[in-house]
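In the part that follows, the structures are each spelled out as structure tokens.
Two complexes come next, and they have one chain in common, subunit A, joined by subunit B in the first and subunit C in the second.
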Partner chain A sequence: MKRTWEQSLFIAVFLTPAFLLFTVFVAVPGARALLYSLQKWDGLSKPEWVGLSNFAALFRDDLFRIALGHNVFLTVTAGSATILLALFFAAVLHRRVRGSAIFRVAFFFPNVIASVAVALLWLLLYSTTDFGVLNGFLAWMKETVDWPAVSLPIPFTGKPYLVYSVVPMLVWTATGFYMVLFLAAMEGIPESFYEVAELEGVSPFGQFWHITLPLIREVVVVGVVFLVIGSLKLFEAIWIMDNEWPSKETHVMATLLYQKVFSEYNVGYGSAVAVLMFVLVFVATLATLRFSRREALEY
Partner chain B sequence: MRSFLKNAILYFVLLVWLLAVVMPLLWVFASSLRSSREFVEDPFGMPWLITGSPYAENPDVDTPWESVVAGYRKAWVKSKFSRFFLNSVLVTTLSLAGIIGLSSMASYVLAKFAFPGSKLVLLYFVSGLMIPAQLVLIPLFFQFTTLSRWGTALLAPFGYELQLHDTFTGLITIYVALSLPFTILVLAGFFKSLPGELREAGIMDGCTEYGVFLHIMLPLSKPGLVTAAIFNFLGIWNEYLFALVFMNSDSHKTLPLGLAAVSIQAQYRTDFGLMFAGLVIVLVPTLLVYIVLQKQLTRGITVGALKG
Partner chain C sequence: MPLVVIFLRWDGAIRPRIPGNERLRSVEVAVFEGGYGITWHQKTAAEYTAAHAGEGANVNVWGEPRMAEKVKPRILRGDPPSLIMDNRLPLWLMISTGKLLPFDEVLDRPAYGSDLPWRDLFLPGTLDTYTSGGKVYAIPTSFGAWACWYDARQFREHGLSVPRTWYEFEALCRQIDAAGIAPIAYQGKYPYYAWFTYISLLQRCGGLALINRVNAMEPGAFSDPDALKAAGMLQDLARRYFQKGSLAMSHTESQLQFVNNKAAMIFCGVWLENEQRDTIRPGFELRCFNVPAVEGGKGNPHVFNGLGTEFVFMPTEGRNPDVAADFTRYMVSLEKGPDMGASIGVISPLRGGCPPSAVSPALQSVLRMLDESMVDGTPGIFNVRLAELLLEWQQQVMIPSLAGLLHGSLTPEEFARRLDKGIAAARANPDIAVPEFKPYDPEIFGEPQ
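Showing the complex of A and B:
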């Protein structure tokens, strides 16, 4: 097809705005962050080239190691709990439980709430004041069945406990999303597979283990990668629950980055953290692409 | 009998999770209807608005209805939730218009016109999906003055000035730019699935390329546009980090930012009623949008995830 002059103009007119905006506000800043990570800069004076020493400093810095450790801890604990629960609920709802639509709609809802609101909601649930529901429940247990043997109220969102208290909140928020993801994949499996298994006398768990799980394996992998990317970027949960000022006991990578750049003006350090986050997300994304490239099973 | 028992156990687990999801939300709604006097007398009681106040005979005590109205009015007016709400509506609406407009134009051209390098340009946009927002955040913060100066120079002939820091223009521009990779990926896939003969027929009938896009392609791609719009709506309506960095003045805060700021102050003053009311103000619009659009939303996840 020969292109007329008008057509070329049309292409240019339609493409240029998005192209310019993306270049100026995403691509160039992204590249510039790589440069920042190789510099020592306070945001005002002349930047100084320091090579890779920002990265070397990161790995020597206890603060960063602890923050990274928290990210890893949250990914492993909240992540595995989320995936297991989501798989369980998806498997149960897949076998056509009565009222499955209600469960699906309700379970997904926490996922659409602003993460700031979720953090504040849990801050109130965990509260040590009179109306803190969780502490109230524990107090009631203590009175009625003489358990648990701890002094109440427990400061769930106090510094040393916060990282653990965030885990149930993350699971509460994310499970519905992954459940919907897995459920959709399960609905693509032909019913006849299960009918045969039924005739052969395979138990429901056996059906899940030998039919469902192998056939949705790729979607589960994609889910795991989503989760890893999500928990690398985790910010609001810690930031809000630690009163917008996390410290050594509570930092994750994103909150550390924020503090280093926007209050200590240590731009090189913060950029190095951002670059590391980028590298980790990059690796995770490539892993997903590798998996989703593999040929889809045809039934 | 055994299968009955099994079913009972499965239902029990499902119900436990249902309660775990629904109860905290109901608790927030109920608590937002209670006055501080009610909290003092019974931390876990039902709102007097429903059960009736024990002080109904006492004219010195506000009726439950009066204190609920006073509590919400305080949040809405004095704590400026009305301002935050309008700001969020403004930022989200304009961002969505920009995202859908720019992305649909770009992805239509990339999907339907195979010019030299068109694949490369699509890859360029889509590679943006791998960039975490934090990486872009730092340079944008330090370059906003320079960018504003350039923009002002560009707009000077038209008598405009461009100020990007702490303005809606700045935040909306960032939101639009950051949403391009995802939206272009989704919409390009959609436009690819539309038959090319439609365009040729339109041209035959005397439509311009612009006319074909506006009158044929856009209406046909409505389901794709809706999916893209829902995901971007949730992302922007709930966004916190960029708003935190760029919107400094109180009058420019969006809803998540305002809620966080008000709540953290309220905690120090132990004004929990304000926190509950603020949470409800944030939760209600999300709940309404979710109820209306949840079908499209869950379908969108499915399509997006399964197509990689």
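Showing the complex of A and C:
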């Protein structure tokens, strides 16, 4: 069917604002970042064309490899824990346990708090001062029960431990969102599947494994894509918890990018990190989506 | 494509305007709004404008905690403020790219409130931080010193006394520890703080000759036996006497531990009192002492790590640079020094610019330290320039290596090797312009060779 002039105008009117915003805030800055990544520029003097040498330096740089390693570590640990816990909580709530509405809100709550506020909250939780809830609890445990010799307070957010301490925070923040996502998918599964399984004597775990999981697989894969993108772009958690001064022990790619551009004024190198982050996120997303398309089930 | 062109043009066209009559010789002063605030600067600008109304001078001060982010795009666009006061901008980079004007012409004029040239009034070394090619590109508005701070009342109550030597200092730490108080609070989230204690120990162990080698970026300077001794002493201090858990504390958390008497001492700069003024309780007698002498060390134990701070600088493309420079001369003057000290609690970088009566007892103890450092009328102040000069070395080598030394994951030898390797890489980097260095004369500072 041929589109009329009015229809084309209608489409154009609705698309123009989005196109303008995308061009101004995404496409142009993105193109400029790509251009900077091919230049040596300190942000003040005249840029100098250096081709791919910023990328070559990036691949030789231990610091970049370490930062990328931290991203991968956080993606794998925090990501798997988040998906597993979200699936568990969603499955439990799907079984209509008592107070499931309250649990749903309670689990989702961390997701509505600003990420900076979450990081500050966890800084207090981990604090080694009198405000430190976790160290206070450990001190109480040490006094009340026969606790093995451990030196308190534990500097959870000290540089050598920070990357590990961020994991529970990321899991706490993200689990609620994925739980709601998975629960919504589970609600769409016809009840009759479970009734048949009940009649056949399939255990609750068996029902989850053989009915629920295969039928929400597509949504789980989308969840994994979100997590991979989020983990590769991770910034606030490390930036705030390391008091805006990350180092080799704590850097992730986004903090390295920021430090290179805004503290060391190495705009070319920082932009190369940004371009590589974009490529990694793009490839990871594409790979996961392709996997999801092959495995999708219909019911 | 036209859209892209419009955006690129528009992107460079937004510029904040400071209200004011354009016919006047307006000077816009952008001040980092931190602990010192901007009220005093605004009051001083108003005084200057009133006094120079006949010449058309009109000085406007504005402040912003995120000043560096605000003015960077304006420097790039060629529309910077006339004066900027924010050390977080890359001053060396700006100097090497010709983005700053020197103050030498005005430095040679008589100072406000004195017949002497303004330049001659500055404490030795305070103008050196941003001097290149014999020209001074930034003027310090205050004097900073590194010291060990304590609560004199707490010391009295526990029968503790100020140590003169490192041996006495360690004995004092043990005494404090035995009293159930943490000996030393430490700003562990910012290992940079420990740098100043380290360079103070470098001087105590190896004298100013070693400081000269470090400032000259000499190969192997950090691996000198005296430098290794200093690194070992700092590591030992951290392991035995830093407050437990302090590695995970920010500067404000650790300083709060100190002002709440949970820790008895803290190494910090002179800004400590100002930064904690809302948390220091009545009865807390904040005082400081110099980093103690090291037994067998080559350094004069009275000199200390001191330098000009809170620099003001003049972008090349700023408006009315002659008025801007003259306003700086007025702001940093013998006339305004006491007022500045009394109003915002800083020490003037000028000789005699800050009478003890104008400042708090805490800052008076810094002035005493300055008096005690005098050798033949010259204050004994030294500094190491590397952290400000080599931004990448600071971020990627110095800070992580210090963190490693204090956590115990690096030995003093490994720490020194990393610093030396980083310096060697910086020296080999053709993009880094290293300005000439004026070495300290150890003999003038009472360190015979």
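As a working rule, the second predicted complex is superposed on the first by the 260 of 299 C-alpha atoms of A that agree within 3 Å, B and C clash if a C-alpha of one lies under 4 Å from a C-alpha of the other, contacts with A are read in each partner's own complex, and residues count from 1 in each chain.
What we mean here is this: a residue touches a chain if its C-beta (ideal position, glycine included) is under 8 Å from a C-beta of that chain, and two chains touch if they have at least 3 such contacts.
Values in this document were obtained by computation on a predicted structure and should not be read as measured data.
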Query raised in the report: In the superposed arrangement, does A:Val76 touch subunit B (first), subunit C (second), both or neither?
Result: neither
Query raised in the report: By residue count, is subunit A touched more by subunit B or by subunit C?
Result: B
Query raised in the report: Looking at the overlay, what does A:Ala106 touch: subunit B (first), subunit C (second), both, or neither?
Result: first
**Report entry** Partner chain in contact with A:Val24 - subunit B first, subunit C second, else both or neither
**Finding:** both
**Report entry** Partner chain(s) touched by A:Thr129 [first = subunit B, second = subunit C, both, neither]
**Finding:** both
**Report entry** Which of subunit B and subunit C A:Asn243 touches, first, second, both or neither
**Finding:** both
Query raised in the report: Just subunit B (first), just subunit C (second), both, or neither: which does A:Glu6 touch?
Result: first
Requested in this report: Could you say whether A:Asp42 touches subunit B, subunit C, both of them, or neither, answering first, second, both or neither?
Outcome: second
Requested in this report: Scan A:Leu52 for contacts with subunit B and subunit C and give back first, second, both or neither.
Outcome: neither
Report task. State which residues of subunit A lie in both footprints, the one left by subunit B and the one left by subunit C. Result -> 24, 28, 43, 127, 129, 243
Report task. Give every residue of subunit A touching subunit C within the complex, in rising order. Result -> 20, 23-24, 28, 31, 40, 42-45, 63, 126-129, 132, 135, 151-161, 242-243, 245, 247-249, 259, 263-266
Query raised in the report: So in the complex, which bits of subunit B are touching subunit A?
Result: 6, 10-11, 13-14, 17-18, 20-22, 24-25, 27-28, 31, 39-40, 43-44, 102-103, 105-106, 108-110, 113, 115, 121, 124-125, 128-143, 147, 173-174, 176-178, 180-181, 184, 208-210, 213, 234, 237-238, 240-241, 245, 255-257, 259-260, 263-264, 267, 270, 272, 275-276, 279, 282-283, 286-287, 289-290, 294, 297-298, 301-302, 305-306, 308
Query - subunit A - residues contacting subunit B, complex - result: 3, 6-8, 10-11, 14-15, 17-19, 21-22, 24-30, 32-33, 36, 43, 85, 88-89, 92, 97, 102-110, 112-117, 120-125, 127, 129-131, 133, 136, 172, 175-177, 180-181, 184-185, 188, 204, 219, 222, 232-233, 235-236, 240, 243-244, 254, 257-258, 261-262, 267, 270-271, 273-275, 277-278, 281-282, 285, 288-289, 292-293
Report summary line: Touching subunit A in the complex, subunit C uses residues 3-4, 7-8, 72, 75-76, 90, 93-94, 97, 99, 188-192, 244-250, 253, 256-257, 391-392, 395-396, 399-400, 403, 407, 409, 431
